[in-house]
Amino acid sequence: MKLTILIHCPDQSGIIRAVTTFIYEQDGNVVYLDQHVDKQAGVFFMRLECEFELEQSLDNFSREFEKKLAFNFQMDWDIYSDDYRPRMALFVSKYKHCLYDLLTRHSAGELQVDIPIVLSNHPDLEPIANQFAIPYYHIPVTKETKEGAEEKQLQLLKEHQVDFIVLARYMQIVSPTIINAFPQKIINIHHSFLPAFAGAKPYHAAFERGVKIIGATSHYVTEELDAGPIIEQDVARVSHSHSIQDLIAKGRDLERLVLSRAVHFHVARKTIVYNNKTVVFS
Amino acid sequence: MKLTILIHCPDQSGIIRAVTTFIYEQDGNVVYLDQHVDKQAGVFFMRLECEFELEQSLDNFSREFEKKLAFNFQMDWDIYSDDYRPRMALFVSKYKHCLYDLLTRHSAGELQVDIPIVLSNHPDLEPIANQFAIPYYHIPVTKETKEGAEEKQLQLLKEHQVDFIVLARYMQIVSPTIINAFPQKIINIHHSFLPAFAGAKPYHAAFERGVKIIGATSHYVTEELDAGPIIEQDVARVSHSHSIQDLIAKGRDLERLVLSRAVHFHVARKTIVYNNKTVVFS
Amino acid sequence: MKLTILIHCPDQSGIIRAVTTFIYEQDGNVVYLDQHVDKQAGVFFMRLECEFELEQSLDNFSREFEKKLAFNFQMDWDIYSDDYRPRMALFVSKYKHCLYDLLTRHSAGELQVDIPIVLSNHPDLEPIANQFAIPYYHIPVTKETKEGAEEKQLQLLKEHQVDFIVLARYMQIVSPTIINAFPQKIINIHHSFLPAFAGAKPYHAAFERGVKIIGATSHYVTEELDAGPIIEQDVARVSHSHSIQDLIAKGRDLERLVLSRAVHFHVARKTIVYNNKTVVFS
Amino acid sequence: MKLTILIHCPDQSGIIRAVTTFIYEQDGNVVYLDQHVDKQAGVFFMRLECEFELEQSLDNFSREFEKKLAFNFQMDWDIYSDDYRPRMALFVSKYKHCLYDLLTRHSAGELQVDIPIVLSNHPDLEPIANQFAIPYYHIPVTKETKEGAEEKQLQLLKEHQVDFIVLARYMQIVSPTIINAFPQKIINIHHSFLPAFAGAKPYHAAFERGVKIIGATSHYVTEELDAGPIIEQDVARVSHSHSIQDLIAKGRDLERLVLSRAVHFHVARKTIVYNNKTVVFS
C-alpha cells in the first residue's frame, strides 16, 4: 500500500522528525518527502509518500495520525491512498481543444482518473464525448434558469460521485452553490497570464496592449472571478506580426498544456492551497 | 554607405514596388527588407537596409525620398545612416545591476552607442560610472526641487547632444517636460510582466498573488505610468519556494536582459511606434 | 484568388523590385513579403503572398513567372494556390499521443489538410483512426518483407494522392524508395534535441548524460538517420528528480507541439530547404 | 550558527528520521530539507539546512555526525558553515563578457564569495581586473611551457587559498594535474547545448547543422573534454535569419546566465556529484 500525506501547520521545530518517526512506528517507509516553510506566514507545508508492506486500514492510519501527530502540531492534513482513482467531471462550452486534449490523454493512459461525465450548456461537443464513450449532459443555462441548471448539475455530480471538476473552457461563471460544494476542487483554465487580462476576451486585450508574450493560467475557482489560487501558468512569445486570430491559435496550445499540467498536479496530490496561493510540490 | 529606412503609411497596393524601384534608381541595393501590415488599423510598416557604392548626401537622399515617394503614399518615415553613432544617457537611482550591465556591454563593444553621461538623483552609483570613465551628474530630486532638477537634466542632455534616454531602474517618475523633449526616445525597464503589477513594488505584488511566472518589461515612456508601448518582455518560472528576495534576485537577470535587448532594438533602428504599440522588426 | 510564392536563387541586386513589379503587372497585390539572404552561401530566399481580384489560371501565371522572371534570376520556385488543400498521410507505430494530437487538431479545424490514410506496421492504433473515421492500413514490416511492404505503402500513397507524409512516431526507418518518391515531403518527429541523442532511446541517453533540458526535433527525412533539415525544435527543463519515465512523459508534450508546428509550417508553405537546412518564414 | 549538510548514501529505510533526530539531539532546528532517491542507482541524496542557537564547534559536530550517523548509513557527506566565505579563482582568456558578469555580480553583492585572483594565458583582460581591484596574473601557456605554467597556477591557487575555480571562457584545456587538485571544484561554461557540439567552435557547428535553438552548458570539469557532470543549461531560440555572428552574440547572454547560475548553485552548496551527473537541490 502507498499513501500520500499532505500537511500544513504552524511552523515549529521537530515536525519532520515527528512525522518520519510516526511513519516508522507504523512500519512504513518514506519514499518521498518535500517540505516548504512560508517564513512570512509562519506556516510549514509537507508532502510525503510512504509505502507499507503490510496492508493498512486507511481509517485506522488516519485516526492514529490525528491522535498522535496532527493534534499536537495543529495540522491540517489529507491522506490519500494510491488505490483510489479520483473521479473528474468536465464542464465545457463550445471550444473543442481542451476537451479533446483531456479525453485523449485519458484514453492514452496519461491521466490517472475516471471521467464519469461531461456537462455542457451547449449541445455542440456531444459528438466528441461520444467518440470517447463518455456520457454527455446538455444543461442549458440562461439568466432565468441558472439556479435550476446548477441544481441539476449538482445532482449529476453527486450521482456520479464526482471528486473534482475541470472547467475546460466552460464560458459560464460558476455560482457559489457549486463552488462551496467543491471547495478547492474546481480547476479553471483562463486564457491569459493572470492577473493581467482577467475577465472576458483576454486575447483581444493582449493584442490591444501590444504585449510581446501571452499566457494561460490554471487556478482553483473561488467566488472572485479569475482570482483564485494559481496552480500553473505558461507563456508564449508573440510579436506585432500576430493578429488576434494568431494569438487565439497560439493560446490554444498554452491552454491545453497548462490545464493538463494543473489537472496532473491535482490528481497526483501535489497541491496545497493556503492564503489564496498554492504550494505545488515537485 | 548604408542606410536604414523606417516607414509607415496607410496600407495600399504597390508600396514595396515603389520603394524598391526608388532605391534602384538611386543606385542602391536593398540588403534587407521586412514589412508588416496591421490589417485592423489598415497601416503598412516597412524596414529596409540598403547599400550605396557611391557616397550619397543623406540630406539629398531624404529630400528625393520625400518628394518622389513619401508624399504620394503619405508616409511617416525616418532614414538613418550607419555612420552616425547614437548618444545614450543613463538615468539611475541606487540599483547597480542594470547600470553595470549596460556599461560592461558598452565597454565590451556589444552596444553601438556613445554614453556621454549618467544622471542620478542619488550619489551612490558615482563610483561605478567612474570605473568606466563616464561623467556622472548627481541631481537631487525632491517634491519641491523637481522642476528645477528637470531643467538641469534637460540642459545637460542638450549640452551632451543626447539622442535617447535609458531609465536603468531610475526610481523617479519622469515629468512631461522631459517626455515631450524625447518623444519615443525614453526607454524604461519595469520589473513586472506588464500590464500585470504596474506601479510600485511589483515583486511584492507578484509574491502576494502567488504567480508561477514573473517578468520584466521594457517600454517607451509616455505620460501614463508603465503604460507606454512595450518593446520587449521576458519571464522566468518561480514557485512557492521563492521568497520576495528570491523574486527580486531572479528579476535582476530578467531586467538586465530585457532592458539590454530593448536598447539594442532601438539602436539598430528596429522599432516603430504606432497606436501605443511597437513594431519590432527581426 | 490567393497565391503563395516561394523562391530561392543566387543573391543579386534587384530581385524584390523585379518580383513585385511582375506581380503588379499581373494585376496582383502583394499582401505579405518576407525575404532572407544567406550571405555565406550567397543565396536569396523569398516568400510572397499575393491576391488577385480576377481569376487567374495557375498554369498560365506559372508559365509567365518562369519566362519573365525565374529564368533570368535562375530561380528555384514553387507557387501554391490557396484553393488546394494538401493531402497528408500519417505513418504510426504503437504510440498514441502524436496521432491523437494531429487527428484532434484536424477534427477541430486547426489543420488545413485532408488526411486520406493512416498507415502502420502494427494493428494497435486502428481504433483511434476509426474514432476519427480515417481509413487505417496495417502493413506489417519485417526484415524480409520490408521491400514488399514499402511497395504496398507507395501504392496506397499514390492511390490516395498523398502530397506529404508525417511520421507520427513511426518507429521504422523509411527506405530511400519512399524518401525519393517524397523528397522534402516526409516530416519526422525525433524525441531529442538534435543533434544530441540521435538514434534509438534518446530519453534513456539523456537521463544517462544528466542533461538539465530535454528536447524534441521535427525534420525532413533524408537518407541519413535523424540528420535531415530541422524544421522546428523545442525544449523542456528537467532535473535530477525526473526518472526516465518522467522524461518520456514530459517529452510527449514536446513531441506533440513540435510535430504539429512543423506540419503547420509545411502546410502553410513557410519552409524552403537549402543546404540541408530550412528557412522557415514567420 | 547555520550549517548546510549534504549527504548521499545507499538508499534504505529510516535515513530522514535518523538525521532529523540527530539534529534535534544536537539542539538544532531543521529549516530546510530536500531529498532525492535515484531508484535506478539505489542512492539516497539529501540537503539540510539547520540552525543552532548555541555556538557549535564545526569539528565537534562533524565528529559526532560521523560517529553516530554517517558510519551506520555509509554516508558520503559534507558539512558547511555559513560563516565561511568560499574563495573563487577566475581563469580567463580574451572574452570579456563572463568575466565582466561575474565581477559586477560580485561587486553588487550578488555572489557570496571572495575573488582573490584572476589568472589568464593572455594579458588582454588585465584592465578589467584592475577596474575591480582584483589581482591579475598573466601566465602564458604554450605547448612547451604548459607543465611549468600549471605549476605556477597551482602555486598561486594554493597561496591564495582558493576553494574552487571558474573557467570563465578560458580557452585552454586544463590538465589532470589541476583537475585532480580540485576534484568537482572546477566549473566550466561551454557554449553549446551539450552533448551537442562538444569541442571547438560550437556556434559554427550549430549554424552548419541549422538548429532552431542554441544553448550553453555549465559543468564540472573532468578529464574527458566537455563531458563532466552538467550543473546547468539554458537555451535561446534562433532562426535561419541569424548569422554565426548573431549566434555568438545571443550566446553571450546564455553563457553569462548559465555560468552565473552554476556558480551560485555551487556556492550555495546545492550540488552533489554522482555517477558523472549532478543533483542540484532547489
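By written order: A, B, C and D. Residues from 1 in each chain.
Everything that follows uses one rule, which is that a contact is a pair of C-beta atoms (placed from the backbone, for glycine too) under 8 Å apart; a residue touches a chain by one contact, two chains touch by 3 or more.
Given the structure is predicted, the values throughout are model-derived calculations rather than measurements.
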| field | Counterpart interface for B-D, drawn from A-C, A-D or B-C and sharing over half of its contact pairs | value | A-C
| query | From subunit B, which chain is the farthest off, judged by mean CA positions? | reply | A
| task | Would you kindly tell me how far, in whole Å, the mean C-alpha position of subunit C lies from that of subunit A? | result | 36
| field | Centroid spacing, where centroids are CA-atom means, of subunit A and subunit B in whole angstrom | value | 41
| said: Can you list every residue of subunit A that touches 2 or more other chains, as numbers and ranges? | reply: 239, 241, 282
| field | subunit C - residues contacting subunit D, complex | value | 36, 38-40, 45, 193-197, 209-213, 215, 229-235, 239-241, 243-244, 275-280
| query | Once bound in the complex, which stretches of subunit C touch subunit A? | reply | 96-97, 100-101, 104, 107-108, 110, 131-132, 239, 241, 249, 252-253, 257, 282
| field | Residues of subunit D touching subunit A in the complex | value | 13-14, 16-17, 20-21, 23-24, 29-35, 37, 237, 282
